[in-house]
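What follows is a single structure, and I will ask about it in a moment.
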Amino acid sequence: MSSIYDKTDPALLKVAIVGASGYSGEELCALLDRHPSAEVRAVFSRQYAGKSLGEVMPRFTGLKIAELLFTEADPANVAECDAGVVFLALPHGVAAEYATTALRAGKVVIDLSADFRLRDPEVYADYYGGEHPASDLLKQAIYAIPELSREAIKSSPLIACAGCYPTSIQLPLIPLLKAGLLDPRGIVASSASGVSGAGKKAAVDYLYAECNENMRAYGLPRHRHLSEIEQQLSHAAGENVAITFIPHLAPMNRGIHSTIVATPAVGKSAADLKAALLAAYAGEPFVRIREQPPETKHVIGTNFCDIALYEEPRSGRVVILSVIDNLVKGAAGQAVQCFNIRAGLPETEGLI
Amino acid sequence: MSSIYDKTDPALLKVAIVGASGYSGEELCALLDRHPSAEVRAVFSRQYAGKSLGEVMPRFTGLKIAELLFTEADPANVAECDAGVVFLALPHGVAAEYATTALRAGKVVIDLSADFRLRDPEVYADYYGGEHPASDLLKQAIYAIPELSREAIKSSPLIACAGCYPTSIQLPLIPLLKAGLLDPRGIVASSASGVSGAGKKAAVDYLYAECNENMRAYGLPRHRHLSEIEQQLSHAAGENVAITFIPHLAPMNRGIHSTIVATPAVGKSAADLKAALLAAYAGEPFVRIREQPPETKHVIGTNFCDIALYEEPRSGRVVILSVIDNLVKGAAGQAVQCFNIRAGLPETEGLI
Amino acid sequence: MSSIYDKTDPALLKVAIVGASGYSGEELCALLDRHPSAEVRAVFSRQYAGKSLGEVMPRFTGLKIAELLFTEADPANVAECDAGVVFLALPHGVAAEYATTALRAGKVVIDLSADFRLRDPEVYADYYGGEHPASDLLKQAIYAIPELSREAIKSSPLIACAGCYPTSIQLPLIPLLKAGLLDPRGIVASSASGVSGAGKKAAVDYLYAECNENMRAYGLPRHRHLSEIEQQLSHAAGENVAITFIPHLAPMNRGIHSTIVATPAVGKSAADLKAALLAAYAGEPFVRIREQPPETKHVIGTNFCDIALYEEPRSGRVVILSVIDNLVKGAAGQAVQCFNIRAGLPETEGLI
Amino acid sequence: MSSIYDKTDPALLKVAIVGASGYSGEELCALLDRHPSAEVRAVFSRQYAGKSLGEVMPRFTGLKIAELLFTEADPANVAECDAGVVFLALPHGVAAEYATTALRAGKVVIDLSADFRLRDPEVYADYYGGEHPASDLLKQAIYAIPELSREAIKSSPLIACAGCYPTSIQLPLIPLLKAGLLDPRGIVASSASGVSGAGKKAAVDYLYAECNENMRAYGLPRHRHLSEIEQQLSHAAGENVAITFIPHLAPMNRGIHSTIVATPAVGKSAADLKAALLAAYAGEPFVRIREQPPETKHVIGTNFCDIALYEEPRSGRVVILSVIDNLVKGAAGQAVQCFNIRAGLPETEGLI
């Protein structure tokens, strides 16, 4: 008799988390703690080595994950731990070293940072500054949004989870570009993110009294996420795609709202595009095509991406609206989804 | 010896407010109460007739305006009051009747509603539904953003203050279109507004727990404000302009942030456009051209519009960011600025 | 071999929800949808009969509960449904009729309203106005905070879940009063609640722009919850207890923060009280005694109640801080906890 | 013919601000910029010396104050500037040195810090840590809440403005204690403050994503403000008063809400207390006695303190609610009010 776990690789169910104390790391802890199959064996931190996770993050007191003690986040320690999968919730530039040693130790790496998202180390240098810290690994890395690269994830040793803005923008655009339904020129994406997207670092710019009752654009003219968005859109379109991307900071903890304006390919209608989105995501558990404008509150705390597409008859363009929780589908949830695929588990396990 | 008040018309310093209890009306009360020259002689309300303004709006207790009693908001009463200027802070469709009788009584009308913003009653019918309530008055009405129509305001009996989104979008675009610096095709404006923009009406959609920690687009594909935006942009460009406009609701009380993407006219650079904006607003007290992305918190409670323009070298387009307080420069402040101009007062009086 | 489900009553695993579309009802849907053992067989609504739950509450699209169609919320329909347990997430005064017919049909009723919390129908009339709608049922009803009345819940046909403020106040106070450690006189409880506590009803008072950037007390001098708080504290103390209770509305969606000031009984110290709390809740999965001031964000989305107790040496009093999520431990989570107990399931199932 | 400026001391109309870039300093700049009589001659800063105020605080661009250049905040520089009044908006411990040199130079000092609020340097050492930085000046200092110490302010060289929480608590309590209407024992004050009260310092605890959707107590058991509250209440009562004070952080930018529970003196009723408050503040422009629970939104951006008093018949106690804007009546507004009094200006100038 077959089971939903027939394809599961038991060695991959033991996991470790490096960088658990940031916002994405915290969400990862929450998701993995209640995950039916995964077992968190170790958590690593430079700042909190020796303390229990519950002590550092009081919301977890009483959960099983709270009992874990943080181990010193040394790459060697990570390589030696008894987990088969290592999640890296670290800043860009820092993750690469951990990935290198963990891969060498035969572990699967699921990286939430930007270190392995770009195929071209020169683009990395251009957008992130400085030489790529481990460019030899780029060949092994899979750029991961499960709905768009599921097969590759199944056997990859190095899974580079897509960024938050990029996930919200690629999920609606890639099926349309792949099918030749969208003019790849002139795409505009105006996105707003909750403040947790800026990370848990002490900086005046992200103080409550600076962000509350305020809205502002930032990262102009070239936010770092532009590099991976254009890499992936270009790949899908089969030609160079340059988009106009304007990120904004909105006064909320979580959520990304992306508003995308684009033109259907010659001879194609908004109805064609909508039909293509419905077809592309018909069987997908985490993408919902909506009739009404999607709201970030409908996806907060979930791994869903909600998408709606509107015709604008006067200009012939379409308006596409897309929302995710930046810490779930835009980070930790997507990582767990990748984990489920890689470990041979049901893809929604621990996520719905 | 000359005074700053040499051109002041004393008859116009006595003012009345109809619809003081909404958010724009409340802001108007605050501004006019501390205005050095204006004297509020009467406030009108259907709901609160007989009550004092302070009783209805407790924040005003102790200010001189709080002592005023609301008069029944009958058009005849408004026509008979001893004010020379009547501010209408009423819903569209309702303002027209009051304007009609007030004008007949020789008063100057400063209307914050949409009733007299459109020159073509058919466009009104198309966007607002139903026949225009006083189409004969449209000829007398001046569409008013003082920076763009100052002269006309000086002698107009019927001043139709621009809407909030339209103000934030026209202030940066109109000088550029007038000067032929901008391609009028393909303009995209993605705007976010605080929830006070939805007015003070009991509706589940605007409850705190529905709007907080949430962001969503609305009014697609044709928000009502599109009609006046396109009317005015077309006028400036000398040709029909159709833009893509996507309004959003953001979790804040006040503020509009507009993100506009457009293409310079052939042969023009972003630097040309920026120079033109700097020149256009060099002497303007309420428009600030910024080097950094403007933030709504810098204009909240003020009559400023802050604007920044960025080149996007890869696409050849420009990104224009524009912020206002929807209740001040987007409503009550703009109305007071119009009042100052109309009454021959210094334009910034009571506003800085 | 024994299982954790040995004591489970299978007939009680089929459940129905009446009033699913309010905030507590929505939270109940979310919790029961992912509950491993419960099966939601029916949802009832007057307003939405015939529509699917996913249509009415878009956040649920894609979950199994979303497919359910709302049935007309007629007490007869509720009595006839094939569920063994009926959750009532209805306003006070409305729940009683549904409880009556459901009980008559042999179902277990878990009521989130105030209808069966008070033993004395005259107190009900005094606080809620009007005669009690089903005073004959009061004898059967169990006032339910599982940590304080677990045994009675196991066999009760009518479980009256405690209110949100009362839960946050009783959990710290009742063990202390029962043990005679606290002077029952002079207790002050100042509580702040998120706006979801006001329910999902269209009212100007709860608009975003009215509640954001605002804090205010309400319900003075006698909030309705005072009645059940004093009933239960008096029962625990063995004498009449009258407290001073001041509820406030705070600008957040969820969470209750209660700050309680009280005096240790003669000869007792703050250390005695803290030790008693630690002992009382040592084995409890949902109550955490803290060393640091508890924060509502640590309990949001969870069924935890976090409590801390501070000595105030100068006055000899103690300050007790207690936080819950008003929609979880204060409503839907507590109801599910009661359900688990009543159905013979592990108490934390679906809640951790 | 007499004028409202007959008593004005022209030498005191030139003012300087030290520490303009914090939240209180910024509010002070806003108030003094639009003050009809004051002229800001200099602004001092360590961090921003040489930059213009408008550059550092973009919200001020276009106002006259924006043109001022920050001078190096050296006490000698402050002593030499040509202002008659120096406002110190500095952290405690830092203000004292500036006060010393400014006083020596013959200037009037209006200090917003805690340095000169306590009469007893040992209490300062106990609450603030370390020896008092200028204990010889304490004799000259006036603890200033204008409604409670107006006469002393008129001639004082060193005006120590009360803290934010203390202002909200003393305004209702002091007249009652002075009149012997309140039992000085057993007073409880539970207060909530907006996050700007924590100042503009980079710290994880005050990040948006840490404070939003959160409420917590802090500073237990002895918040620093307790020292000045008890000093002043004791003085008013003529006996030692020890209160229980619990401050909380609420998710809003501005505003303090204090909820005070106290017992009328023997033989006194809530009505007596309310009458006394009405009498005490009958002629005061900035204190409003309310019939409804006061809301922080009614005082935000104003110098008002709104107070309501409720009888609680069951316990015989009274509940007093008091709200202010922590940055205005709790800091900068109160300082300007003191300035007006000290300079012989109408007390409300620039504040209403």
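For clarity, chains are labelled A, B, C and D in written order, and residue numbers in each chain start from 1.
Just so we're on the same page, a contact is a pair of C-beta atoms (placed from the backbone, for glycine too) under 8 Å apart; a residue touches a chain by one contact, two chains touch by 3 or more.
In this text the structure is predicted, and so the values were computed from the model without any measurement.
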Farthest chain relative to subunit A (centres taken as mean CA coordinates): D
Between the pairs A-D and B-D, the one where more C-beta pairs touch: A-D
Computed distance of Cα centres, subunit B from subunit A, in Å: 41
Subunit B and subunit D: spacing of chain centres that average the CA atoms, whole Å: 36
Gap in Å, rounded to a whole number, between the CA centres of subunit D and subunit A: 47
Multi-chain contact sites of subunit B, meaning residues that touch two or more partners: 194, 210, 212-213, 251-253, 295, 297
List of subunit B residues in touch with subunit C within their complex: 23, 194-196, 198, 200-204, 206-213, 251-253
Touching residues (chain side subunit D, partner subunit B) in the complex: 34, 58-59, 61-63, 213, 285-286, 288, 290, 292, 295, 297-299, 301-302, 304, 306, 352
Of subunit D, residues touching subunit C in the complex: 186, 188, 190, 192, 194, 210, 212-218, 220-221, 242-244, 246, 248, 250-255, 257, 259, 261, 293-297, 300, 310-315, 317, 319, 321, 323
